[in-house]
Amino acid sequence: MRHLLSTGDLSRDEATLVLDTAAELAQVSGRSVKKLPTLRGRTVVNLFYEDSTRTRTSFELAAKRLSADVINFSAKGSSVSKGESLKDTALTLQAMGADGVVVRHPASGAAHRLAGWVDGAVLNAGDGTHEHPTQALLDAYTMRARTGRVEGLRVAVVGDVLHSRVARSNVLLLHTLGAEVTLVAPPTLMPVSVHTWPCAVSYDLDAVLPKTDVVMLLRVQAERMQNAFFPTAREYSRRYGLDRDRLARLPDHAIVMHPGPMVRGMEISAEVADSARSTISEQVANGVSVRMAALYLLLGGS
Amino acid sequence: MTHSSAAHLIRGARLTGRDPADILIRDGVIAEVGPGLSAPDARVVEADGLIALPGLVDLHTHLREPGREDAETVASGARAAAAGGYTAVHAMANTDPVADTAGVVEQVWRLGRESGHCDVQPVGAVTRGLAGERLAELGAMAESAAAVRVFSDDGMCVSDPLLMRRALEYVKAFDGVVAQHAQDPRLTEGAQMNEGVVSDRLGLAGWPAVAEEAIIARDCLLTEHVGSRLHVCHVSTKGSVQILRWAKSRGCDVTAEVTPHHLLLTDDLAESYDPIYKVNPPLRTAEDVQALREALADGTIDCVATDHAPHPAEAKETEWATAAMGMLGLETALSIVQHTMVDTGLLDWAGVAERMSAAPARIGRLSGHGRPIAPGEPANVTLYEADTAWEVDPAALASKSANTPYRGMRLPGRVTATFLRGTPTVLDGKIQ
Amino acid sequence: MCARKRAESDAEASPAADPTAPGAQTARTVLDGPEIQRALTRIAHEVLERTKGAHDVTLLGIPSRGVPLARRLAERVEQVEGRAVPWGSLDITMYRDDLRLAPARALGRTEIPPQGVDGRVVVLVDDVLFSGRTVRAALDALNDIGRPRAVQLAILVDRGHRELPIRADYVGKNLPTSLRESVDVRLAELDGRDAVLLGPARPRPGEEDDR
């Protein structure tokens, strides 16, 4: 594979390879020299059309730990804000000799388009409401690190599935890795064809929680209220938010995940976010290892 | 235009696909039709094995002039139309400025006459500036030199039910027709492609079939209520077909068109994220395509209209969401109809003549077009070689734009000659 | 994202690597199981002698086949001295100088014993010493982990053809070879039996084979 655009493109072996590689590379974070020479002389461009400090710095750190030269190219204050098209930007990066382009873009499919315009590897760091493959990979990595496996895990993904690139990437990847995914949301926040996805669907969080090993909460933006996806934040929170009472319905071994940024008090209560069962800060740390693995596997060879 | 006044003797063409006959064209009209004709003064056009069709008529063309002459002009669009076998096209009103006054429609009409390649019949906007708020001066456009009969806000839906009712009523005074772009705006806010399995997977905002079907149902009921005439642009769903069938069975005076691309292409093409497949209405599912073919065959859908929508390269070489909607159609329409309707046995060549010439001319009230190939009729004739194939090269098209979804595809059949009132606009496959 | 499986990339990519496979009749055994065992026993004694009892020694095997060899050496030292010697593994993939000549390789394991490497005498262990490039990479990898007091190299087979100024401190067997030959080490832990095989070289486009 030349690019990482969708978790749907990963076979089980490939996905496992990313996780295994990440597990080895995680050691680097614990060493005094937190750097590997592997991508020395290679150039990685972070092309971010949306603000995302978390994802951008994670990719930046990953690339730097592999000794790549990193160029941050954000849409603000650049030629992009002066109306340059994605294609022209791509051709500019091409001319600069970018070996890898990490792209975050508000338009679904932007990473696919970019892959057609540049010779280097394209890593999708989130495209619109389509996919966010490295997030799903780090989520799977975190599940494996915490529970020892992914296969057979019962994972509930709760929240704005309709607009979530994290949900799409996770459903595809977790299915490939043999987990049993249940999507939980009000029907308005489910895609109309969700019954064709390789997962179960429920509108009742309380019924799902006792049969869940991993509960993954998705951010719910308050502006969805304006479009009548749900009546009020309070009602959403009451029906689908994870608070202490709901946490008690989970099996004792179950973990709570969130891709961040969280809306405390909406989809997750503060005490759940900060509880020992929450993997939220681990997910951030694991993100660097998984992105190192992706960068190495895409850029490290011929 | 070197042969404009010359007589032409078309030898051995199969009239709408039937037995071979000769066609003598003189002074812009068909002088004689029959076997073994001779006319020593006429230029002979050998048409052995070719199909003769009445010149094609398009109810739905975007020529982009005035405003976007970089994408298409009336002249370049007329050449593309001729190359596709068309002798008349209806130029949609969504130009800049909008064709919502007698002045603009007369300008477009005049540009078409000057081009000489194809009659260009302007469509007038229903509402001022296509804003969907107040009626444009429909009567003035009807009485202008362009004699507008088709009114449409195409690109935008006349979504206000009261305004739609008034428009339908108002055009009765001059035998006009409202051609509705059926798309509920609220149900399609930000919509990018057909809502379904593919859009959900690709994360592209869905464009539900019901947004089209609900407007068609409403408009059929309104039309019936006020006793007017409705035309439905670019029908794209199975549900729309069922509603039209029901409305027609009730006696509603509704006609409908389908585009060639909706007869062939499906929404899974969007998986490439290549906006060459982005169009309004969106490409639908294979089930919809099948329903549309059957509806065109049984007459529920009256005609084929291209929705020829030229866009400059930069409007398509971009991410899907920002790309312009629309695709070229004039130069490939007949081939696509052959491929989807004739080669599948759903329609014979007489049916093609009805759906691509007679019916659209009738709906648009174009008296000089869509007539049978018979003595005394205007000599608008298209010669078509069905038993051939060609590969679509966007750069070789006559349109100023290249946004054809059939790029690189092998399509059956080619237009070898087009006569506009006796004048060949295309001869030996070349634009004259 | 098509990294190759480690085992395949090391020895088993080609059917010629398997002496039982057709076309591999020319591969012959140059060291059998007992000879390998004796060589390792001798190396263990040499390590003890040279390091004066191996008190500060840490054995690090280079994956894949260096790792079981390091473990066997550690066992022998323990048998002789009655004292455990820390051993682990050091993957060198990320330090290879030929990464760009082949698709990305799957990583081997790096497991450094809890004592670390600072101030220790690290004995790197591998199966075959050829060009020396693997050892060069291992020295770089080691340098990023800590600062050993000294680094030594133990090798089961030295087949010559060095491309870098590197030599082994402990050698199981010196095996003069031609570049048209390949040396394959089989170990019971990974391959089901112990043997060193000499066969015709396998063409590996773009890959510098450190065997």
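In this document, chain identifiers A, B and C correspond to the written order of the chains, with residue numbering beginning at 1 in each.
Heads up, the rule we're going with is that a residue touches a chain if its C-beta (ideal position, glycine included) is under 8 Å from a C-beta of that chain, and two chains touch if they have at least 3 such contacts.
A quick note: this is a predicted structure, and the numbers were derived from the prediction, not measured.
Novice: Based on Cα centres, what is the most central chain?
Specialist: Central chain is A.
Novice: Going by average Cα coordinates, which chain is farthest removed from chain B?
Specialist: Most distant chain from chain B: C.
Novice: So, what's the distance in Å between the C-alpha centres of chain C and chain B?
Specialist: A distance of 74 Å separates the two centres.
Novice: Roughly how many whole angstrom separate the Cα centroids of chain A and chain C?
Specialist: Averaging C-alpha atoms per chain gives centres 39 Å apart.
Novice: How many angstrom lie between the centres of chain A and chain B, each centre taken as the mean Cα position?
Specialist: Comparing mean C-alpha positions, chain B is 45 Å from chain A.
Novice: Tell me, which parts of chain C touch chain A in their complex?
Specialist: Touching chain A from chain C are residues 1-3, 91, 94-95, 99-110, 140, 143-146, 206.
Novice: Hey, which residues of chain A end up touching chain C in the complex?
Specialist: My answer: residues 1, 4, 10, 14, 17-18, 20-21, 24-25, 27, 31-33, 35-38, 66, 294, 296-302.
Novice: Name, in rising order, each residue of chain B that touches chain A in their complex.
Specialist: Residues 192, 195-197, 200-206, 208, 272-274, 314, 317-322 of chain B touch chain A in their complex.
Novice: What residues on chain A touch chain B, complex-wise?
Specialist: Contacts found on chain A: 8, 85-87, 105-110, 112-113, 127-131, 165, 168, 191-194, 196-197.
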